[in-house]
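Each of the next two complexes has chain A plus one more chain, namely chain B in the first and chain C in the second.
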Partner chain A sequence: MTALLELKNLKTHFKRKKVTIPAVDGVDLKIHKGETVALVGESGSGKSITSLSIMRLIPSPPGEIVDGEILFNGQDLARLSDNDMCKIRGNDISMIFQEPMTSLNPVLTIGEQIIEVLMYHQKLSKRAASLKAIEMLETVGFSRAKELIDDYPHRLSGGMRQRVMIAIAMSCNPKLLIADEPTTALDVTIQAQILDLMKELSKKYDTSILLITHDLGVVSEVADRVVVMYCGQVVEEASVDDLFEEPLHPYTIGLMGSIPSLEGDLDRLYSIEGTVPPPEHFPAGCRFSPRCPHAFDRCRNEAPVLREIGSRSVRCFLHDDKEATK
Partner chain B sequence: MNGTTSELLKHSKKNNDSEYILEVKDLKKYFPIKAGFLQRTVGSIKAVDGLTFKVKKGETIGLVGESGCGKSTAGRTLIRLYEPTSGDIIFKGKNISKMNDGELRRTVRKDIQMVFQDPYASLNPRKTLKSILSEPMITHNLYSHKERKEKIQDLLDKVGFNPLFINRYPHEFSGGQRQRIGIARALALNPDMIIADEPVSALDVSIQAQIINLMEDLQDELDLTYVFISHDLSVVRHISDRVGVMYLGKIMEFAGKKDLYEEPLHPYTQALMSAVPVPKKKGVQVRERIILKGDLPSPANPPQGCVFHTRCPVATQMCSEQVPDFKEIRKEHFVACHLY
Partner chain C sequence: MASYIFRRTLMAIPLLLGITILSFAIIKAAPGGPVSMLMDPTMKPSDREKFEEKYGLNDPVHVQYFKWLGNMVKGDFGNSLIKRGVPVSELIMNRLPNTLLLMVVSTLLAALIAIPFGIYSAMRPYSKLDYTVTVGSFLGIATPGFWFGLMLIMFFSVKFAWFPTGGVATLNAPFSIWDRIHHLILPAIVLATADMAALTRYTRSSMLDVLKQDYIRTALSKGFKEKKVVLKHGLRNGMIPIVTLFGLMLPSFIGGAAITEKIFAWPGIGSLFIDSAFQRDYPVIMALTVVSAIFVVIGNLLADILYAIFDPRIEY
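What follows is the complex of A and B.
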């Protein structure tokens, strides 16, 4: 099975004065058709920059994709001209953002914002586009879609705005939907509605989803595969069942232990010492070593590579021997 | 006769009981809506609409709810950052709801402190760590200069800070460190009670765990009472002893955390619990999810009857007409619902 999207050694660096900040530093990632992949990490791990790199939305300068390939259907997006990229953006790959308040244009009606996309990419007439817009709004669960297309975004609640964003994103039937923290700004009951909707739509249109989140609960609800990032690198990649059953990387283990449980009682939460280092001060060797409870000398001197162990992979010296036995 | 005496005895015992550090009775906070050229009051937002609960000394009360349910307003009204519209707040036997500012400052201000959500916005960027921590002591005229210095060292030690950082400014610290400063500042006056309004919501999970552990350690060490306000049900379960679930300015259910989380009685609590995505675990069955239709109604115009009936999956005719009482269904388990 060939991947719909494949990142190979993607590096996105930012240059500030004379300092280079390696926000994304060698990310490999595959997304197959119809699959939902979750990209997990704390703030500063480079997960949002990865997604913006795929969309080629990195402000340049200061940012630049310095190395690597972004293969989408065999085409390298990193080397596409801006004009060609415009045809893909919003059409084959679309994106929804965390903040539904700021990602809609406040002076255009909901209808205008959906119609614009359809007229540009699908070359529909205004009339056909507006019919399609109503249909899309109905698909995302609005009962009074006809009136809604003449409403302005400020009249909608956060959850409704996120639905509108999903309607816009799905209107051209994209092959890949990138959702950057789509439910972080929403309440839990609304979050449940939106996650359900995303699952339903991805099944209906066979759309792949790249879900960026820091919430492991959300991950286990919707994702098929999980990629854990730390300091601009992938530290672990596994299917959702494998990952939650047996996390391998000490960072993943720490992350899971840090979440209080809704079901059982714990005396004390596990906490990872220290904080995520800023990108200009990434430690030598393994980037997690200063915070890792199992770190030994080799970790501080030598950088581990992402190794495959069966169907999953992990970037840690602790699992070196496991690979040998396989 | 026998029954009444024992009843009376029980009652008087309850009254004399000093185990409750805070008692809130029918607390209301309405914000006026002003409109027109003359800015006449045309209505009110019922942010907090009749809260009643008691807090025991040394325990942690959790207040949970979605945005707009009035949990933050409740916290701020408890500490009199907002003037309550009506109701009583009895703290250590004194009714503080109607005290004037001077009296408040002399008697209870230093005993109740607050920790805010946004560690970036709640510290003055132009003050050093030292002056941030000494300011509350100066305001309350406590300690000599030398004692203050010692006290600051002690505070930094308590929240796990390097004492060398004392002359640094807030921007030099990370989010988690700033929240530690916020906690140290709250502790500067040796309070009895801390109201923490979403203290960990702005932090990453690994940092969140550090702060929660710190708050628990401090509680044991200093015998603190917490009112912990959060939208995160799992965090609240972890830290609280008893939990109140709020919806549109009212408490829907209030119970010990075990009762509440293992057997939620109110339909809203049930829906809220089922909506939380939980990391998969071996052998744990996937729970049935109750998806609530629609959004939170506006607190300016709350629904008649039970405020939840517009989204409630089991609402009846009665729910849209009568406001349910907040009753004790089981021991220490209060619910406001017509089902019970």
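What follows is the complex of A and C.
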């Protein structure tokens, strides 16, 4: 089965006064049709930059996709013209963000912010687009959608605004929805509702989701597969069941050890010692070696590669020999 | 909206009254009375008393004030002391259209040039064009208007004789729109330059701020081209502080235009102000003070209303 989206050795670097910041430094990742893939990792590991690279929304300068491929339906987005990319963004791939309070334009009506996408990508008439906008708002759970389209966003709560964002993102029936920590800014109860909605819509429209999150609890709830990132690279990738049953990478094990109890956003309480080094100071050898409890000499001199082990992959010398297991 | 405007207008009345009291007091306290201007050396001191009697200058101060205020409400600002017998209201009404014309044209000129440059600078900060625009606006802000006006006259009126040196129209010539425009160009450029420079800076910083916002990233993620994102999603937000600025700039047009009007012999309110001040033409000075105050109040009112129109988050 060919993947809907495949990142091959994606490198997105920032250039600041002759210093190169390798924020994303060789990411490999696959998302299949209809699949929900969670991208996890501590703050600064390059999750957002990866997702913005897929959207080709890296601020440039200073940022640039310097290497690798972003294969979407077999087409390399990294090499697509800006014009062609505009036809994909918001249409085939759409995105929602962490901050629902500031992600909607305060001076445009809610209706206008959905209608404009439909008119632009689907070439609908204004009338048809308004009808579709109302339908979308109903789909994401608003009961008085007809009145809502003439309202401005400032009256809505964060959770409701995130629903509007989802309605906008799903309006053109995208093949891939990228959600960058869509529930981090919301109350716990609202979080669950938003996640349920995304899950439901993904099923209904057969949309794949790339869900970026800190919260491993969320991952176990909604994801099919998990990709763990550290220092601009993927360190482990596995199905949710495999990962939770037996995390292989010491970093993943560290993350698991710190899953917060049900309530509360305790992602800063990772029990892994130390902090993520900034990209300009990534250590030589295995990037996790300064914090890894199992690090040995080889780890400090040689960089491990992402190695397939059966249906999963891991980037760690401890699992070098496991190739044969399957 | 209508009731909001009505309420704001009502609130302006006490403010206006305060301004009239203040301007009345300041003029009263100023040295040199109107009578000394009217006297000529051949007059006797008893003539002076007659004058003071005639113009009500012997009444108690508050009586003078209320008389003046009462007449003013009726549109009667009294007669000019210098141009005997000419009502002040007529003097002002003759001049006001000229000032308004200069004001509107120079502001439009400034806005039409400044806003696009400001937007572009914000879209490409620290680019060559941004630096050029920045340097240009600082030059514009730093250049004194009177000097710039004189330079323009020296080169374009005197040396090349492309433009008239002053006035609103050629004397004794039949009305012609081209003649009017011809006279308008240089003073409008001088006035526009200062506004343009400031407005470019404001637009740039406002847009720079807006373009960093999350909703701009949302608009980009919808697939819109940069131009559409900036003009549709950015500009509407970036303009909110700018339109407000226009309202607040309104009164400064009158004061700011005075020197330019003087240099270009433009018969407007500003030059009338200067002339009357030198001649101690009290009724005119006071009338103009009140008119300027009204402009300040209208400007503020306009700023509030524009703000409410442009920003749906404002409750009214």
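Everything below uses one rule, namely that the second predicted complex is superposed on the first by the 312 of 326 C-alpha atoms of A that agree within 3 Å, B and C clash if a C-alpha of one lies under 4 Å from a C-alpha of the other, contacts with A are read in each partner's own complex, and residues count from 1 in each chain.
Going forward, contacts are C-beta pairs under 8 Å (C-beta built on N, C-alpha and C of every residue); 3 or more make two chains touch, one makes a residue touch a chain.
Source: prediction; values computed, not measured.
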Three-chain arrangement built on chain A, chain B and chain C clash or fit: fit
Included angle at chain A between vectors to chain C and chain B, based on C-alpha centres and rounded to the nearest 10 degrees: 80
Which superposed partner A:90 touches (first chain B, second chain C, both, neither): second
Contacts of A:250 with chain B and chain C, given as first, second, both or neither: neither
Partner chain(s) touched by A:218 [first = chain B, second = chain C, both, neither]: first
Partner contacting more residues of chain A (chain B vs chain C): B
Touched partner set for A:43, first chain B, second chain C, both or neither: first
Touched partner set for A:26, first chain B, second chain C, both or neither: neither
Partner chain in contact with A:279 - chain B first, chain C second, else both or neither: neither
Which superposed partner A:120 touches (first chain B, second chain C, both, neither): second
Touching partner for A:111 - first (chain B), second (chain C), both, neither: neither
Where chain B and chain C come nearest after superposition, their Cα distance in Å: 10
Chain B and chain C contact sites that coincide on chain A, given as residue numbers: none
Sites on chain A touched by chain C in the complex: 55, 57, 83, 85-91, 94-95, 97, 99, 102-108, 116-117, 120-121, 152, 154, 165, 168
Parts of chain C lying in touch with chain A, wherever the complex brings them together: 213-215, 217-225, 232-233, 236-237, 240, 310-313
Complex contact set, residues of chain B against chain A: 66-67, 174, 176-177, 204-210, 212-213, 216, 231, 233-235, 237-239, 258, 261, 271-282, 284, 289, 291-292, 295-296
For the chain A and chain B complex, residues of the former touching the latter: 42-43, 157, 159-160, 187-193, 195-196, 214-221, 240-241, 244-245, 254-263, 265-266, 268-272, 275-276
